[in-house]
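In the two complexes below, chain A is the common chain; its partner is chain B in one and chain C in the other.
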Partner chain A sequence: MRPIEIVTQALELIAALAVAPLFLGWINQCRAWLQNRRAPSLWLPYRGLRKLFHKDAVVAETASPIFRLAPYIVFGAMVVAAAIIPSMGTRLPFTVAADAIALVGLLATARVFLSLAAMDIGTAFGTLGARREMMLGFLAEPALLMVIFVASLISATTALPAITENLATQALGLYPSLAFTGVAFTLVLLAENARIPIDNPATHLELTMIHEAMVLEYSARHLALMEWAAALKLFNYACIGFALFVPWGVSTGAGSPLSLAASIPLLAVKLTVAGAALALIETLSAKVRVFRAPEFLATAFLFAVLGLLVHLLLGG
Partner chain B sequence: MPGALLDVAANEPSDDLGGGGVLLGAQPLEECLFSGINQDRESGSAVFEAQEGSRGVCRWVASYYNSMRIQVAPSVMPDFQSSLSVCLALIALWGLIGLAGLLRPASLRFAGRTLFPLGALCGVALAAVAAVSLALPPEESVLPVGLPELPMHLRRDALTSLFLFLLGVASAGISVFAAGYFRRGRGTSAGLMCLQYHLFLASMGLVLLANDAYTFMVAWETMALSSYFLVTTEHGIAEIRRAGFLYLLIAHVGAIGILLSFGVMQGGSWQFTFEAMRHAHLAPHWAAAAFLLALFGFGAKAGLVPLHVWLPEAHPAAPSPVSALMSGVMLKTAIYGVLRVSFDLLGQPQWWWGLVALAAGLFSALYGVVFAAVQTDMKRLLAWSSIENIGIIFTGIGLAMVFNGVGMHSLAALALIAALYHSLNHALMKSLLFLGTGAVLHSTGERNLGRLGGLIHRMPWVAWLTLVGALAMSGLPPLNGFVSEWLLLQSFLFAQEVPRSFVSMLLPLGAALVALAAALAAYVMVKFFGVIFLGQPREPGLARAHDAGMLERLGLAWLAGGCLVLGLLPTQVIGSLRIVVQQLSGATLPNVAAPWWLLVPLPGGRASYSAPVFLIALAGVVVLTVFVVHRLYHRRVRRAAPWDCGFGGLNARMQDTAEGFGQPIRHIFGALMAVKRELPSPFDPQPRYRVTVGDRLWQSLYVPLGGLVQRVADAFAWLQQGRIATYLLYSFVTLIVLLALML
Partner chain C sequence: MAGIAFDLQLLNLCASLLLLLSFAMLAQRRIVTLVNLLATQGVLLFVATLLLAWRTGEHHLYLSAFLTLALKVVFLPWLLHRLIRRLEVYWDTEPLLNISGTMLTGVLVVVFAFGLAQPISALANTATRNAIGIAVAVVLLSFVTMITRRKAMSQVVGFLSMENGLFFGAMSATYGMPMIVEFGVALDVLVAVLVLGIFFFQIREQFDSLDLHHLESLREREPDAGRQVRPFEEN
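Showing the complex of A and B:
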């Protein structure tokens, strides 16, 4: 392990932790611009986290240790996932221990513990949210796995940095299979991160909640960690998307401090554009009924499988 | 020394054999040389076989080359009894323990405190011997028991050792649990149950050791019968009798398939030893017939769709330790049978057999998990989940056959290792879950998910240990379920390189279906654990629930520990599985140099996974977060009532039910199920809601089949006239016909 690799890994982790709430703030800002209203400050998510950390935690009487443990596990899973995704450089020492399938497994761990925590209190809303989240998860996870599978088939490896390196160093040859899987990935991103059209992150109506229903019972530092984990999840998904579909700019090869330093502003540009695009998609769509959400995700799954078939048929 | 090269002149006597280490307490070399057979002077090589020695089988092969260097490759352990004898002795000990149960049939204490723990110790010993003997060459033995022409042949090779290890480890945990589990109930007495249970274990061990068709079928039949009696322990209940009958019926239908398969495999030699079957060269269509019959027969025992109908009935009917044993170990003997027949007895499997197995496996996996998601009985849910996992194992086996058939041997090894790893994993995970349900059932008397809830507060030990099993079953890293899923997906990744174009396009789709099944498995496990242990108790009687006893906790902890070990040390486990796969199919994974904590199945930097590092990273981040948050801020907690949106009056009945949790799956996959709903109307004086989810295959396949059998039987009923004169006439006519044929 060379020092540059350790620096890359640490930098990616710190960037993920620090920038994720800002990313959320930026998306809210773009949405506000599109909806012709004034957005709150870009730094509001940070102030919200700080406020929550200071509060006293109110825990329901029926809660078990799983309820109190889950925020830490979910947050830990998201942090470890951030360590696997090559957002700035492809020389990450930790990825020897965990590849893309382990990444999907980490996301599944977070989802399972979130659902278990939601069921722990035993109210109607928590269990409803858990059921809906697992329903989305069982269709989104295979779709994500298929997207990664297609990229793995192209690069002959399942290690995410190696996939990125392979895709980045190719000449700008378009893979039609990646077009299909790109659409699938966008749909999965919207579903997994509780954005419109699957779930309204700003809703107050419990009957329409999916993600929010699961964190309904949380308060103070637990809620802060859950919110931060949700922001990290969106950041991670965005970085997975960049790693698979827009890999240029990531410091590839042996990695020099210069290329690493150059990748940071490029990442910022990518995040800005991605945030704006996400806000645009959210503004243009309406939230679908919960019964229609499986159709939405089945479309994502089928697009991913189509991408797989296109790759196998056309070899590209 | 075993494997040493000796310089011996062509006709020299055997005084000097390098320190005598070669002889191993068996015949001296000269006797072996002069009892040599198959001497081939032209090519300058000869193969010598010793006859049976006094200390068990002394069978070693020395190759004699022109340069007169002899390489001795003995196959007998140096100083003590062969491992085959030890395994056989332990299995016989199980039988003896079972018989000892008859001494005091009514005494629960005797069976519970003495016999079952003794059986568990036998299991541990068996697992230890099997683990040690995995790397040793195969051993054979012939017992002077059995038919005149066909004594009992036994063989212990690496595949047998692996499954004996599985049997030993799983049964140890289950026996310890069972020691603390059995209470006085209606039905079979404790001593009789001890006999049936240990006979079940012994017969499963004998199935694994059998080296001829007779021993195999006798042991198979004993397994089926003893488990039938175990399933119908509470035979006072009609539903349980019905479930047992269905189980026995399908077990025998499967046994017919296996018998026919053995009949085809003997290939005209009329020798029913496995050795003869290995050497019989069958025409391709006969080999295919043998394979399909074996798949049918073993699939009926394993629970492949559409022969799965007995599983969701028999597993809930049986007592929980028996369900655990059936689901964890008995289904794996069917897997053992398929592997033995297709890779060993039939030689090289053809590639299209793999497609059949793959298709059957994928369909079973999806069918099983979809039905598991909509169940309302906790043991039926686990039974359907077993069907799913068996499907995944068959998928791995099918993939291995396809790769083997097209010549991609290292990938065949990877797929086969994935299937074997999943067998090991499932044995431990499913046993753990079934034992957890047993503890819940004893403590609450409820099997229905709609009447459970919030048990983590009353039964913390059972809950936390079952959580390990549920997380492992969901395939979450760093537990063991993830490793086998990872290996299977890795082997699917290379399916695009299969030379046959149509197949190479279809196989990666299998990966999509496996991913779907795995994601649904997580759904099922969240439902299982969440509805039973989390939330609020749905019935007031649950307040009286108590945690499991010491022996039960020990059994659960043993299995949970096994799950952890299998998850954290995959490289070591795969090191052993490689030996099995090498002996079985001749294919092996290439050697990749890697540290002990890193799993790198294939060279070329394609994929790697390290469970210990993963666990340390995740645990480290969690602990660090806890520490930092508590340091920088505080850890104050206030308890209050749950959030009720200001409505007030929320009660435990307003939680999601099991039907509710399965509703999305019922909505999406309703076409596969026969759903009957009874909805309340606003004008009902006593409104009720009922939904029953039935198996469509039962209605469309089994009921017509049953009707057909009934009609055929009725058609023959005219033979039974009821008058003795007619029956005497039948005997007379038969005698006349036979005499005419003989003369």
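Showing the complex of A and C:
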């Protein structure tokens, strides 16, 4: 383990933790602009987190230890996921521990604990949110796995940094399979992060909410961790997307300090563009009924499977 | 993929988009959009044929490319749009299977088609032999479209899309059919659509709708609506 690898790993973790709320703030700002509203401050998510960390936590009487533990487990899972995803460099000491499939499992663990905590109190809303989340999860996960399989087939490995390295260093080509899976991944990203066609992150409208229904019972530091974890999840998904579909600019090979330094502004540019694109998609699309969500995710799965089949047939 | 020539990559992209459009047609219930999708399929075929003609230097492919453009991108969609306006059919009824079910069936059909095309691809010696599987898939998906629809209009669109798939298959397996066959097929399709257009009016005259389920009962109905034409009694 060379010092540069440790530096890369540490930088990635710090960047993920620090930038995730900013990324969320940037998306909210773009959305506000596109909807002709006055945009909230970019720093609003940070202020929200600080406010929540300074409050005293209130926990329901019926809460079991799972309810208290869940925020730490969910947050921890998201931090580990951030450590695995190559957003700046491909030589990460952490990635030996888990490949892309384990990463999907990590995200699933977070989902399970979030849902368990939501059902723990026994309120109707929590249960409703948890059930919907599990329904979405079991539809979105196969699609995400298919997306990863296509990239793995192209690179002949399931290790995410190796995939990124392979895609970033080979000659530029038109991959119909990657184009299909890119669309599938975008759909999964929207569904998994409670974005607009599936869930609206900005409302507390009872009948339609999914993610907000699950964290309804949390307060203070627990809620702060949950919200930070949600922001981290969005950041992680964006970085998985970069790793698979726009891997250029990541420090590859043995990794030099110069390429690592160059990858930081590039990551910033990618995040800026991706945030604006997400805001645009959310503004242009209407929220679908919950019963239509399976259709939405079936489309994602279809795109991913088509990508896989086209890859197998056309050999690209 | 990166090792393949760029025009072949473009051809592969066209083939994949054709497959995608077939799925879009499978899911689409608005007939106007269905016809637009068919026209887009025609555009992709035109581009693919041009690319192939440029790549192989076969002059008759240019001719068939422009035949595709004239017939499948301009004339037939125009004719179908006119028919839609005059018959006032804008929506198909709910398909027999729900959308997700149809899509998953479609995926299975594609797997089957790819398996089916494997030996054919192994025999062909064209640069585009990999795309034969996609052509077979487009043909079978158009079949599924025709099976799951009830309105005569969407069935005709499915039929035309099937012809597109056959054309693409011939193109990728043997660089196109002989010119005389191609002209013959084009003429057949043209005449078929014209005849079916007249047929639509007859069906609607008889049953007051374009739902082909009415055609399944062979028993003659009572002349309830008074619209039923009875050839034997009239004579």
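The working rule: the second predicted complex is superposed on the first by the 316 of 316 C-alpha atoms of A that agree within 3 Å, B and C clash if a C-alpha of one lies under 4 Å from a C-alpha of the other, contacts with A are read in each partner's own complex, and residues count from 1 in each chain.
The rule is simple: contacts are C-beta pairs under 8 Å (C-beta built on N, C-alpha and C of every residue); 3 or more make two chains touch, one makes a residue touch a chain.
This structure is a prediction, so every number in the text was calculated from the model and none was measured.
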Give one of first, second, both or neither to describe whether A:Pro142 is in contact with chain B, with chain C, with both, or with none.
-> first
Scan A:Leu309 for contacts with chain B and chain C and give back first, second, both or neither.
-> both
Mind working out whether A:Asp56 is in touch with chain B, chain C, both or neither, as first, second, both or neither?
-> first
Partner chain(s) touched by A:Pro176 [first = chain B, second = chain C, both, neither] = second
Between chain B and chain C, the one with more contact residues on chain A is chain B
Which superposed partner A:Thr299 touches (first chain B, second chain C, both, neither) | second
Set of chain A residues, in rising order, touched by both chain B and chain C = 294, 305, 309, 312-313
Across the complex, what residues on chain A touch chain C?
-> 170-177, 179-180, 294-295, 298-299, 302, 305-306, 309-310, 312-316
Can you name the residues of chain B that touch chain A in the complex?
-> 453-454, 456-457, 467, 471, 474-477, 482, 485-486, 489-490, 493, 496, 504-505, 508-509, 511-512, 515-516, 518-520, 522-523, 525-527, 529-531, 534-536, 598, 604-610, 613-614, 617-619, 621-622, 625-626, 629, 632-634, 636-645, 650, 652, 654-656, 660-661, 663-665, 667-668
Spell out the residues on chain C that touch chain A in their complex, using ranges where they run on.
-> 1-4, 6, 9-10, 12-13, 15-17, 19-20, 23, 27, 99-100, 103-104, 106-107, 110-111, 114, 130-131, 133-134
Seen from chain A, its contact residues with chain B in the complex are 53-54, 56-62, 64, 66, 68, 72-73, 75-77, 79-80, 83, 94, 96-99, 101-102, 105-106, 108-109, 111-112, 115-116, 119-125, 127-128, 130-132, 134-135, 137-139, 141-142, 145-146, 149, 152-153, 156-159, 162, 206, 216-217, 221, 225, 291, 294, 301, 304-305, 308-309, 312-313
